[in-house]
Each structure stands twice: as C-alpha cells, then as structure tokens.
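Read through the structures below before going on.
Here come two complexes built around chain A, the first alongside chain B, the second alongside chain C.
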Partner chain A sequence: MRALIALAAWAALGAWAGPALGCTVGVATQGGLGINGSGDTLSSENVLSGGLVSVLTVTNGLFDPAYTVFVSAPSLVPPPGYHGTPTVLVAYTAAGVGVAKTQPMTASATSFDAPAAALAVVLTLQSRIVSPDGFASGAYQSKVTVTCAPQ
Partner chain B sequence: MRAAVAFALLALLAAPAGAQSLSPMRNAGATPSDIKGFRLVVGNPYRTRLIFTVRLTDERFTGAAADAAASTTEFPLAPGASRPVIVEFRIGPNMKERTIGVCISPKDLPGPLLPRVCGLYTGRRAGFGG
Partner chain C sequence: MRVLGVVTGFTVLAACPALATDVTFQGTLSGVCTLAVPTPGLLGLNASGELTSEPPAGLSAIVTVLSIGSNQLTIDPPVWAAATPVGYDATGEDLLVSYLGVGGLSIANQAFTDTQTSVNINSLPLTALTVNAKVTNPNGFAAGNYALKVVVTCAP
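And now, the complex of A and B:
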C-alpha cells in the first residue's frame, strides 16, 4: 500500500527527475499578498487584489522514519524606508496520509508530526500582515521557513 | 485507497518548482578521537538547477553549531543530481556524545517561502568513562 501511494505521489509530482532519499520539501506556489478595501491588511486571502495562497509539498522516502514539519514564525520583509511594526501572521492546513492539521492564524512558530506512512503531505499556507496605520507604498513580503526533520 | 487517490490529486496540484533532499536524515556512530564525521548526500530531485546552502546547527535547528565544519557550505546542483557533503564536529572533552543538526536550503529562492530539510547526526566517543 505504501509503495502504491509513493508511486502515485511521485507520478503526480511530475517535476521529479531522479531518486530522492529522505525528506524533501518542494515549493509548488510561492503565493502573494493583496490589500483589503480599508488598506490596513495585506493578505493572501485578498484574492480580488492579487492575494494567492502558498503551497508546498513535503515527501518522505519509502523506508524513512516519521518526521516533523516546522513552520517558522512569519517575518516581514518591508520596502526600504518603512519603519512600521505591523503584525505578521501565518495559517495553514496540512493534508496527507495520517496527517490532518489545521493551524489558525498565528505569529508564532508551530510544528506538526507526520508518521512514516505520510509519504507526502501538502501544505497550504495563508499569510496576513496587519497595520492599523496602513502601509507606505512599496513591496511587502511575509517570509516563512518550512523545515522537514526527523522526529 | 481513496486516501491515496485523493492525495495524488492534491500532489498533482502541487508540483514543486524547487526542493531538496538530504540522506540519511539521521545517523550515529562512534569515534576513537574527539572528532566525528559523517558523509551525507544532498539531492536535487527536480527539474530546476538550484544552489544549495549547508548550515550546521544545534539539535533544535536554531542556533549555529560550534566546533563544526562542512566540506562545502554552498554549491549548485543540476536537476536530478546529488553530491556528497562531509560534515565533522568536535565532541567536548567531558561529553560522551554530541548531536548536531545539518540543514539544507536553496539560496536566494524568491518569494515568501523558504523550504528547508534538516537531519540529526550523533557522534559517540568510544570508550568514554571506561
């Protein structure tokens, strides 16, 4: 059964070009932020203004052990000259065999465990930057590191 | 089976643009001296050439590991290629064993997400404590 799931996953990951041992983390969609109507929130949830979710795939080798996925606290990459202190948040859902995790919006680092049978897990992340005083013009980015590591 | 099919569909929607692998993800071994080394293999299983960075950390993958070194800390990998990386670290004079983390991530990946793969490697001093 595990072999079947692995083959299905690898076949679906059409970009795969060679043998992979251990855990892999791949970015499928980097995502983007859109601003809301009142101008105080940049979020991937604001799809009408360009917001887009981020999607990653974590895969594990057939004979590799259970693993933990760490999602760092989000940080702000502001435009030059911006000195505000907005709140930066991230939320995500993780889905895979033996994994069903929903993380509400948080400014903290989080993690979840995946069993060895979870040969692939798809993470869908939402990012949000809230500044009650609004935003100066420029490009803003929320940065998150997603880590796969053995338990 | 339904879960496998559903998952394959999810994965189809999530074909990665950049990723990395690290093998083995965990290893341990003894050393007759106070230095322990491991040979790891970093792979690029996808169809994009990527530059990878190697970072030696503590067991929680946060701070930098002291008295530790890697044979290379930055290198390009062609699609489907892999290459060995040798890491070594010193086990303190009063320590029976020491574990470090090794994290691999792509360099200068644009966008809000930084994917990272980490492993744990333990060196044990042979004959410590009699």
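And now, the complex of A and C:
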C-alpha cells in the first residue's frame, strides 16, 4: 500500500511539474518546397511555387534547467529518377525569452543554448536544395531532426 | 497491489514527451518544359550576300530552356514572319537554321539546315540555346525589311 501511494504521488508530481527530463520538442508543422524560376533550387523560400516554412516549439518546465537545442544536418530523399549532386541546406530563426538566434543557410549540424527562463522557444525553419543540373520530376523531401537536452 | 503500482508507473513513463522531432519539407515536381526568348535575333547582310543573324552581320537569338523530366526539343526551319519587300525574287531561296546549346544543352549542336530537327533532353535548369537563321538566295535581296521566324517546341 505504501508503495502504491508513493507511486501515485510521484505520478501526480510529474504531471504537474511537466516532463521530468526537462525540455521537450513539439511537433513541427509540415514545410513545403517550391522551385525557383531558374529551375535549379527547391526551397521553402519559393512561396509562389509552394514553398512553406516549418514551425515548431521547444518548451521547458518551470523548474527545469537551461538547455541546448540541436538541429541536425539536413538530408534529402529525392525521387528515383533524380541523379543530381544537390546541396541540401537548412536555416532557422529561434525566438524566446533570452533566445534570439538566426542561423543562415548551412549544410551542417548546429545548436544554440537557451536559458532556463526560455519556457517556449519558437523555431521557424527554412529548407533549400540547390541542384546545378536541375531536378527530375517526382517528390522531394528534405528533413532535419531537432532535439534538445538539459545543460 | 504490487501489480497495480507497476502499471501506474509505466503509464507515467510512456506519457513523457519526446525530446526529438523530425522536421520535413515536401515538394513534388511534375514534368514540364518552359521556353523563353530573352534576346530576339537581328538580320544583316554578310560579305557573301546572305541574310543572316550570325555576328557580325546580325545578332543571334537566345532561347532559354528549363526542363523537368525528359522532354524533346524541336526546332523548325525558318519561315518568313512578314511579307518580303516588293521586288524580292524568292526563286531558289533557302531558309536555314542552326543552334548551339551550352552546359546541359551542349548535346544540342546543329549546323545550318533547312529541315526540322529534334533533341531529347533531360532535366535542365534554365539553359541558353543560341539560335541563328540564314537565307541564301542566288537572286540577292531587294531593299526593305525582312523578318524570319523559327518555331522552337519543347514537349514531353
């Protein structure tokens, strides 16, 4: 009985205080890729042809420590007929209490720190694929993974 | 009771939010080919008495091609785009076209011809095709304005 009460209390505390592991990464909205007029760049920046940013929120519990947000290097899943040599890039802005990060387009993994007071950091991500040889028809998907970890 | 305690703990652990999420961007391209003529050509009389767009007598036309997927580029021989000047004798005239591509269009390289030609192309970013038109006529050319038209078609 004592063990059950302890577990129930722990569960209740966990539910009230938020995730015991600190920061969490929310679900991202689906981004879009559109082609530019020169036919050599697919990007979320090309809004006239279907480009769309992706937005997600990283949250931190009231009593959780400062944390670091990691954005992986971008990857590309091209259609079967594509044999180009693309450069896959990602850029983002991050905004929250004590956080004002602007990451220009990069092909590398990046990260930034957020203070404990940054209870919510909004990331707005852009994706760009540059293919000097153009693009085959079909579906293209670029992807990055966003993670966070307490400091 | 012990069993109930274990189940409760498992439920809480499973409810912990994820620390990582994938961000995806998607786009689908359909097969398409677009053409534009940013630089129309100009005709002039060369030293051999031919009416041509080849420099220095004239100015070559530039056609830009953007291809997504496999397409066929077809270039027709020139036709008169307007009535020729009064006094022009068309007997024996020959209307010719040539073209030269660069980059991914370098396979498109055609010497002057008076027949329709085609080139199969794959995906290309915006790429220039230089097109020249020429008219030879043993009767020469009367004074006046001449205009030629070359039809370029791109289709799957």
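To be clear about the criterion, the second predicted complex is superposed on the first by the 128 of 151 C-alpha atoms of A that agree within 3 Å, B and C clash if a C-alpha of one lies under 4 Å from a C-alpha of the other, contacts with A are read in each partner's own complex, and residues count from 1 in each chain.
The rule is short, and it goes like this: a contact is a pair of C-beta atoms (placed from the backbone, for glycine too) under 8 Å apart; a residue touches a chain by one contact, two chains touch by 3 or more.
All of these numbers come straight from a predicted model, not from anything done at the bench.
Of the two partner chains, chain B is the only one that A:D64 touches; chain C does not reach it. Touch criterion met: A:L56 reaches chain B and chain C at once. Once chain A of one complex is fitted onto chain A of the other, the partner contacts of A:G96 are limited to chain B, with no touch recorded for chain C. In the superposed model, A:V88 lies in contact with neither chain B nor chain C.
When the two complexes are overlaid on their common chain A, residue A:S38 makes contact with chain C while staying clear of chain B.
Residue contacts after overlaying the shared chain place A:V122 against chain B, while chain C stays out of touching range. After overlaying the two complexes on the shared chain, residue contacts for A:A114 are found with neither chain B nor chain C.
When the shared chain is aligned, chain B and chain C each come close enough to touch A:S142.
Note: residues 1, 4, 8, 11, 14-15, 19-21, 23-28, 30-31, 54, 56, 125, 127, 141-149 of chain A belong to the chain B contact set and to the chain C contact set alike, using the contact criterion stated above. Residues 1, 3-4, 7-8, 10-11, 14-15, 19-21, 23-28, 30-35, 37-40, 42, 44, 50-52, 54, 56, 81-82, 84, 125, 127, 131-149 of chain A are the ones that touch chain C when the two sit in their complex. The part of chain C that touches chain A in the complex is made up of residues 1-2, 4-5, 8-9, 11-12, 15-32, 66-69, 104, 122-126. By the touch criterion given at the top, residues 1, 4-5, 8-9, 11-31, 54-57, 61, 64-65, 67, 70, 95-97, 120, 122, 125, 127, 141-150 of chain A touch chain B in their complex.
If you check the complex, the residues on chain B that touch chain A are 1, 3-5, 7-26, 41, 43, 45-48, 61, 79-82, 101, 103, 105, 109-120.
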